[in-house]
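The next part holds the structures, each set out as structure tokens.
Two complexes come next, and they have one chain in common, subunit A, joined by subunit B in the first and subunit C in the second.
Right, the complex of A and B next:
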């Protein structure tokens, strides 16, 4: 089978080499442009143009009804930073991120380490932990809203077993943020855990054996071997989580509508949504988007510094 | 992080028995404890889903009573047809399905071609093109959503607009706005590029010697080898499209075009106590993804691994 087929290609290769010397490069280039065009034009029109346009709109006064546009310099930025609600939104976003991301990451890394053993039913545990990630945030936030129900909801019923009178959760200004954070931690663990699990499987076994011979117990092995080697994965998880967390919208929209009780849970994305699609002030919304973008950019760069090299994955 | 771990001069006292037991042969009690911890965690993770299903099968009186029951005293399967009759969940479901299937089909086709070109065809401008895709991947939704909305609204000749896109509503409140802007994702292009890079060069050369053109090599030789990659991209696209909320929320007004996530949120805001119908609706909104996920887990995980570990 091998011998007869091996001979002809060899001879054809020689002939082909002559035939394709110039046309091949040309044909491949043409094919490349044709295959790239639909996708790249789509990205350019629906992502490239809008991104640039956000930065332009932020420095203009655009009237959506009249369709007029005028240069505004830094007016929009001055306006949003004079707005106490925007400052509340920035602060709330930071608070939300500060509690959600590290907590979810810590739980995720512990679960990943626990699951990185040849356990029976390991796949089932992994599925259960990952399931919240693939289900729609809005739908699942509505389920949490039902569980948070102050009078007949699941949480306050369970708390009552221990004699605790539960708060009003999403409608109590003191607890609304906590409610959203609880739900987001629950939803965010799965993806982080899967990334950690993939990284853990890349750690060579002999390192653990060497550490064990040197007398390191499981806890020491975790801190001295596992965690340092998870550096690149930690960076990746951190950046992805920060970006996701700063863009959180659905949980807040559903659980604490209209910026929450007494405006206690408004976040940057909600303010952008309000400016753009309730007040139709596209210029202010764009300025707010630019601020959000700068936050994300700074976080990405700082994250890169902090966790060390990220490209060694 | 690492200095803290290594600076302890003496190994910390080994906590009694349990622990990950990574190197096999862990003591039995440790294993049992480990399973107990994992079972408790898993239950906490699936509890909201269980509560959702149980609530959707209780009568209204039972849902509103305190203390709550765990299992429905009478299993009210009729809640589902009733909920569908009470609110247009059926329409919402169909809309979401049409959009998610369209997005998946378009994205797989266009992103595969683009990913293939980026991975296997030499041409001038390949590096800038790749950088552009990577940059597009990093752009947050809220950095582009305002102009996206304006682009949709000012689409010339649609929705009563003139040739400059003035005067009407453009693509707003139409299938166009729901389907076209999100139809191609940079993530899909990037994933396809990574997958195509992994195919051996010899295949391409052999096909070329057999006289296939570049499109033939792409469509008939390379892509058929990529079924797992296609499954991965298709599932991730479907998931993102099915779960998408913000874009459908801002571009639709009429009930007829609402997707299920938007419909559910709107239902909750008007009917504040019909929890059993709302939970029936959320079952409709979550179960397709859960079922899909249970049967295709490894493709999902593969996708995240590829995206994560470059």
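Right, the complex of A and C next:
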């Protein structure tokens, strides 16, 4: 009988580690799966299934009232791309995004820089700036609706001090989009400011000291030190804000109901809502949702390309 | 290939509706039991009337009376508004849990009856005509079958301030569109800097579609032709819309934004900010709350909008029963109860509308409401919207089209032609 061959010390150590870790790893994996299960089930049920269903319905003609469904191929997509109202909605969404995202970001950076100084009662100011973000959009929109009221509203009252006759903010197609953008910029500053504030606090102070020694003034320090180092945060804010602005709905729904005057403020999400819940056309609503999904997917991919990684915050 | 497997379709649709639903919620599930012919079970009721806490209190009181009559039936009401009615209907139907009893507008009946959503109540229109006003009954009839029982009617009429007419030296209401515009100009008051003080003619205080349809019918036009094709872009339709646009752009009898439908700032006529309006008869109720002295001093007058013919827009709210109700007897009992005297009177008092029952003509509420009395005296001039199964797809396209003409973005002809093209596409199935 041959004596058992002694294994090398390293091999023994690995084998021992395997013996010790196998049951523990298995248990840990099982625990991990168990803990992940509720979240995964939730995601699958509330996000996964509806997403698949939306893609299926987008290629069918589904009559929700009659309960019939027929294959439609690309008919729904052809229909929406031939619909001038849909293109107006796409254009309005882009215009809204173009004006809300960069403007709110610029204001947020300035406010974040101000609130990163040794300002008195800065915690109070930070809270005040962040407050609109955590307040219900519908509630905010209702308050702004009163402020925009052309006859007794705050804005036209203030304008009247200067002899200016204010416009019919939400009823005039020339001003309706501006009104929603104004409210959205105000509401959107809070979250952006907090992200910038966190990023500002991560900038090493010695960089400012070095710049100061080199003779850089406050403005130069802002453009040469602060702004470049806020780059990753800026891209993160940009991507998140772009996605958020493409999904905007509540403020348009409340401030300029039914697509606004002459449809001047209809946006993609409102058209989806209208197709599904006003016209009972779930198939077209699904096709519109798929188009919006593609928009957001492209924005996300572009954003990640710019940032170079998935999570930059 | 067409699939007709409702449970599968519902599952897919419900999932998709869940994703696209931005502000919707489903109705309560029908309870088990029942279905044995007895009037019992738990039934759901969807109502776009009985709004707010006051409205809910009125309905709760009526439901208590119903349950005293039918102790085996439990009613679960779900309150909504007309603006959100379709959301509720969509999600409940998609989830396979339609409400047992649904209150809805006249324009909803043909599309829903056509698709088999509503139960045929098995009644004869003539039989109902003995109790209800004929126009109210007609709204619930589709292809000769009764699908809905009427609860209330509403109209759009001309309303004017007698005191402001007298100030302008006008002695009687306008008899045609030319006079309507002329009086509007004379009644308009502006400050030296051009700021509007009193709109001579308000055409923005009600839904633009309803204002346009009132004018369309007065101009002698029709919504759809006998073959069901769009007819609202006829010369009569163009004249109606041109008149409305001219009121704002040429006559400047009103400025854009001066008022809006259901304006949160209150009724413009009550505030003296409009002298004349294409309005809703429930302005009476609003004015009674905001400026009761105008009614007490007889300063409100009414007229039927007239050009080629006198015409009133007439809508209404009706009670329907779901074709899929698990408790059809209980649901039908509730629908009949809601269309009976007590609930009809309570609902109309709360909303300021016209009771559908002839027997309520002598009620104190009707007798004391001048606008309702005027509307009832002119029912022969009433017209109703809808009439085609695709109406719900078409109706929400009206607002932007009408507004584009009122704001001068399109000519009335172009706006109506574009709208007719969209309506034709909807009628053709896409």
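By definition in this document, the second predicted complex is superposed on the first by the 269 of 313 C-alpha atoms of A that agree within 3 Å, B and C clash if a C-alpha of one lies under 4 Å from a C-alpha of the other, contacts with A are read in each partner's own complex, and residues count from 1 in each chain.
Please note the rule applied: contacts are C-beta pairs under 8 Å (C-beta built on N, C-alpha and C of every residue); 3 or more make two chains touch, one makes a residue touch a chain.
Owing to the predicted nature of the structure, the values given are computational and were not obtained by experimental measurement.
**Q** Put subunit B and subunit C onto subunit A via the superposition and say whether they clash or fit.
**A** clash
**Q** State whether A:263 touches subunit B only (first), subunit C only (second), both chains, or neither.
**A** second
**Q** With both structures superposed, pick whichever of subunit B and subunit C touches the larger number of subunit A residues.
**A** Partner with more touched residues of subunit A: B.
**Q** Between subunit B and subunit C, whom does A:146 touch in the aligned arrangement: first, second, both, or neither?
**A** A:146 contacts both subunit B and subunit C.
**Q** Touching A:54 in the superposition: subunit B (first), subunit C (second), both, neither?
**A** In the superposed model, A:54 contacts both subunit B and subunit C.
**Q** Between subunit B (first) and subunit C (second), which, if any, makes contact with A:285: first, second, both or neither?
**A** Once the two structures are laid over each other on A, A:285 reaches both partners.
**Q** Could you tell me if A:119 is touching subunit B, subunit C, both of them or neither one (first, second, both, neither)?
**A** Touch status of A:119: first partner only.
**Q** Looking at A:243 after the superposition, I want to know if it touches subunit B, subunit C, both of them or none. Which is it: first, second, both, neither?
**A** first
**Q** Should A:46 be classified as contacting the first partner (subunit B), the second (subunit C), both, or neither?
**A** A:46 sits against subunit B and subunit C alike.
**Q** Just checking: does A:68 make contact with subunit B only, subunit C only, both, or neither of them? Give me first, second, both or neither.
**A** Touch partner of A:68: subunit C, not subunit B.
**Q** Scan A:77 for contacts with subunit B and subunit C and give back first, second, both or neither.
**A** neither
**Q** Superposition on A: which subunit C stretch among 55-63, 91-99 or 379-387 collides with subunit B?
**A** Given the superposition on chain A, subunit C and subunit B clash at 91-99.
**Q** Taking the two structures together, which residues of subunit A meet both subunit B and subunit C?
**A** In subunit A, residues 46-47, 49-51, 53-54, 57, 64, 67, 145-146, 149, 151-152, 249, 253, 257, 269, 272-273, 276-277, 282, 285-286, 289 are touched by subunit B and also by subunit C.
**Q** Which bits of subunit A are touching subunit C when the two form their complex?
**A** Residue list for subunit A touching subunit C: 46-47, 49-54, 56-57, 62-71, 75, 79, 85, 145-146, 149-152, 165, 167-173, 249, 253, 257-259, 261-263, 266, 269, 272-274, 276-282, 285-286, 289.
**Q** Spell out the part of subunit A that touches subunit B in their complex, as residue ranges.
**A** 9, 12-13, 16, 20, 24-25, 27-33, 35-36, 38-40, 42-51, 53-54, 57, 64, 67, 111, 113-119, 121, 123-125, 127-132, 134-140, 142-147, 149, 151-152, 154, 157, 160, 186, 189-191, 194-195, 198-199, 202, 208-209, 212, 215-224, 227-228, 231, 233-234, 236, 243, 246-247, 249-250, 253-254, 257, 268-269, 272-273, 276-277, 282, 285-286, 289-290, 292-293, 296, 300, 311, 313
**Q** Taking the complex as given, what residues does subunit B use to touch subunit A?
**A** Interface residues on subunit B, with respect to subunit A: 1-2, 4-6, 8, 11-15, 19-24, 26, 31, 34-35, 37-39, 41-46, 48-49, 51-52, 55, 63-68, 110-111, 113-114, 116-118, 121-124, 126, 129, 132-133, 136, 138-151, 166, 180-184, 186, 189, 206, 208-209, 213-215, 218, 239, 242-243, 245-246, 250, 260-262, 264-265, 268-269, 275, 278-279, 281-282, 285-286, 289-290, 293-294, 297, 300-301, 304-305, 308-310.
**Q** Note which residues of subunit C are touching subunit A in the complex, please.
**A** 1-4, 6, 9-13, 15-24, 83, 86-87, 90, 93-94, 111-112, 115-117, 193-195, 255-258, 260, 264-265, 273, 392-393, 396, 399-400, 403-404, 406-407, 409, 430
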